[in-house]
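Each structure below appears as structure tokens.
In the two assemblies presented below, subunit A is common to both, partnered first by subunit B and then by subunit C.
== the complex of A and B ==
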């Protein structure tokens, strides 16, 4: 095998490697054109809340963020920790208040205080709701080691939060 | 006797399952207020009871009962998420292409944005009144900025950071900046020169201030103490005269000093007396020094010409 041959084969190999590198995605696909957008149904009876009716590019124009904290400011601390904790809180709330949250879960942080807000359906008795509030606050405060507060608003019907039908 | 025992035995046997069914029935017959019990042994054949939708007995919103002259500060004492039944304002938020914005009930946009309902002007006034007893009055004699600068010449600056996170530590909070006017230090010519050489580019000639920034220690207190130490050390070091400092010759001078230069000798030779006894000599000294230090320009050269004419008693040209 001459040196030229070796050169050529090496060149091909490197080309191949380049192609394979670009063919594999190691991060999740963003689906920018689809994320947060809803398709119109034939009967036009799919209910949308205000949050759902406005696609992500309307954040800061027509709707605001669901997480409020300082980790994204310049020199902000605990960026990743805050994001992961927020995700955990959302999952925990979705599971604990199963089928009750009519809005997105809003997480606002001030100093070490975490305030969780949202709109809840009045489909369970007030006794249960008080229990769930205490349970959630207690457990989240223990896990996150921060005082946690639940500030809820209730609606009697699912239709109360519907913004439009598509 | 034996028959009675048999009956009793029978009854016992019959009674046991009965009591079990009795308990299980009560478990199913719970009212809606209770949480459902997790039933792991699913018994087939009995269809699960369809739960009736819970209808809550909801009171009308609190805003309908609020008097007009209520004390808002006690209704909304602290920072809190917006609640439509507590805030008696017809607020709307949201964008609708045609028509009015969504109202306050069931509106998550209003819950997202931070509100300042807890810091209304009367509440701020009340809180300031409450805090007043902890404040001390401003010293009466320190009425002007000049006096403040004179009696408190050192200016220390640091930043505190408030993050929305459980930690109160911020690495940037450790940085301490110390500012001071050079003129407020007691220094002679030699010491001032040495001080300026020691602090280098931390000195700003325009404002006559020098700035010491310390950030090498982990806490603010340590950095503050280090800055004060640096100031003390540089001050005392600038007063110290090392033996090698006497070796400084004219070639080492960083600026033109008339008293050490040939110009003085020549003038003294010409007038045959001490420089300080010559008339109009001070004007001449400043003119020569500015010409040498600031460089040649129309202004300095003209000044120099005037000073020489005055010194030698020559007529001044009226140009």
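== the complex of A and C ==
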């Protein structure tokens, strides 16, 4: 066997090894071409908010995060708890303020304080809205055992939050 | 010489400057400079925050920060203010109710260290062990109904209670008339409820034969503290006759009551004695007995005397007595508070009486000062003063001065409650 032959077989072996390496995914599939994007409808009448219109790679460029906390930084505390609590808060808000939230629910954490922001439709009277504010703040405070505050803005029409139709 | 100066075109003024310059240089040479490092000023943890805060003024055109900053959610009228605040409060109450209904769901511990306010309330039942410490804790937290419950359980189970605990329990009951005060966390309710308080008719609301009196009887050989507590409770809730009886009782026993008891008796003197003359003599007697008991009258004594004076009609005599009282107390080193001035205004400016300009003299005394609350009635001053400016004197300049005083420093804290604010 000449040295050339050995070289070739080694090269093939390394190629084979490379293939086996990539054959199994050990991390989650990202689906970068699909995730967080909306498909164009035939009639082009699907409303998108500004947040929806920008794909994920625009985060920190044209739009910002929906959860603000330091749990993912180095030495950050309560990583999993924060994620689960945020999901809980989102579900709670969606259920309590049924069909009222026109935007994503933004959750901001500073020290021991949680601030929940969003845009709400003016379809119920402001008095009822104050009742819901009081109820949500107090119950979430009891549940999460830290001061919780709502920071709401209201819009009179659903179309006010539409950025474009696709 | 003269010619040289004229050539240089120097004036007399310039010459003076040159002279002082030379002197200055000479001084610099002789006095050796010493850098003095100022002594360190001790600062509190919030001093920097306070300094920063002092640079920002209150935005008088904005809604209160308890309302959401959104055109849809900002109240547009006083009714709106009230409804929105109360709606939010009732939402909070709903959350409290849910927690009370399902206490088992709220037992998890997120916060470290645990925060008691986020946990459901403890319910006392017959099965559990009750000790004196439970009662002590309830008294400390001003949980009146809970304390009564625990007391009853203690009695059923025959738990011994020390006399100190009993006395502090009695004090709690007398102060609150055996009812729970409106909870502190629902500030809106307090803010909107106290509206009518000062103006409502003074009628008897003391609970006769209730648990407070029961405890007073169980304490054998009640001392001056027990007497003081009960008398003050009774006068606060206008059970005047019994209070007076107890007062005389204690005097016969030779007990020395505290000054607040005398104050409260003076305060209700207009119910004990009908006639003005008799009433004034009665007050004088009480003041004399304060002196005899070697007690030092305080600001509340002054306010109590002024209050009963302000209820004595419009005679010239009343006005003189009011002024005399003020000077007398001033001699003793007791400065009148806003409440005192409120009573003075009440005594001088009656609806049917002659027009009195005493408010001007008062304003001179209190203008440009940061007032602290010293008496519950202090909060009535601004309302009355403005009312007098408007209806009694019809003086715009004076009204502006009153308004300026209200916005001086932290004086706005003395506006009282929502009702007074809206009227103002």
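FYI, the second predicted complex is superposed on the first by the 134 of 166 C-alpha atoms of A that agree within 3 Å, B and C clash if a C-alpha of one lies under 4 Å from a C-alpha of the other, contacts with A are read in each partner's own complex, and residues count from 1 in each chain.
In this section, contacts are C-beta pairs under 8 Å (C-beta built on N, C-alpha and C of every residue); 3 or more make two chains touch, one makes a residue touch a chain.
Given the structure is predicted, the values throughout are model-derived calculations rather than measurements.
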Based on the superposed arrangement around subunit A, label subunit B with subunit C as either clash or fit.
clash
When both partners are placed on the shared chain, which of subunit B and subunit C touches more of subunit A:
B
After lining up the shared chain so the two structures overlap, which partner does A:146 touch, if you call subunit B first and subunit C second: first, second, both or neither?
both
Considering only the touch criterion stated at the top, classify A:103 as touching first (subunit B), second (subunit C), both, or neither.
first
By the touch definition at the top of the document, which applies to A:127: first (subunit B), second (subunit C), both, or neither?
both
Looking at A:51 after the superposition, I want to know if it touches subunit B, subunit C, both of them or none. Which is it: first, second, both, neither?
first
With the two complexes superposed on chain A, say which partner A:135 touches: subunit B (first), subunit C (second), both, or neither.
second
Location of subunit C clashes with subunit B - one stretch out of 38-46, 236-244 or 416-424:
38-46
Taking the contacts subunit A makes with subunit B in one complex and with subunit C in the other, which residues are shared?
112, 122, 126-128, 144-146, 151, 153-154, 156
Tell me, which parts of subunit A touch subunit B in their complex?
49-51, 54, 61-66, 68-71, 75-78, 81-82, 102-104, 106, 108-112, 115, 117-119, 122-128, 144-146, 151, 153-156, 160-161, 163
Within the complex, which stretch of subunit B touches subunit A?
32-33, 35, 53-54, 56, 58, 79-81, 83-85, 94-95, 102, 105-109, 111-114, 161-167, 170, 172
Contact set on subunit C toward subunit A in their complex
68, 70-73, 83-85, 87-96, 98-99, 106, 109-111, 114-115, 118
Subunit A residues touching subunit C in their complex are 112, 122, 126-139, 141-146, 150-154, 156
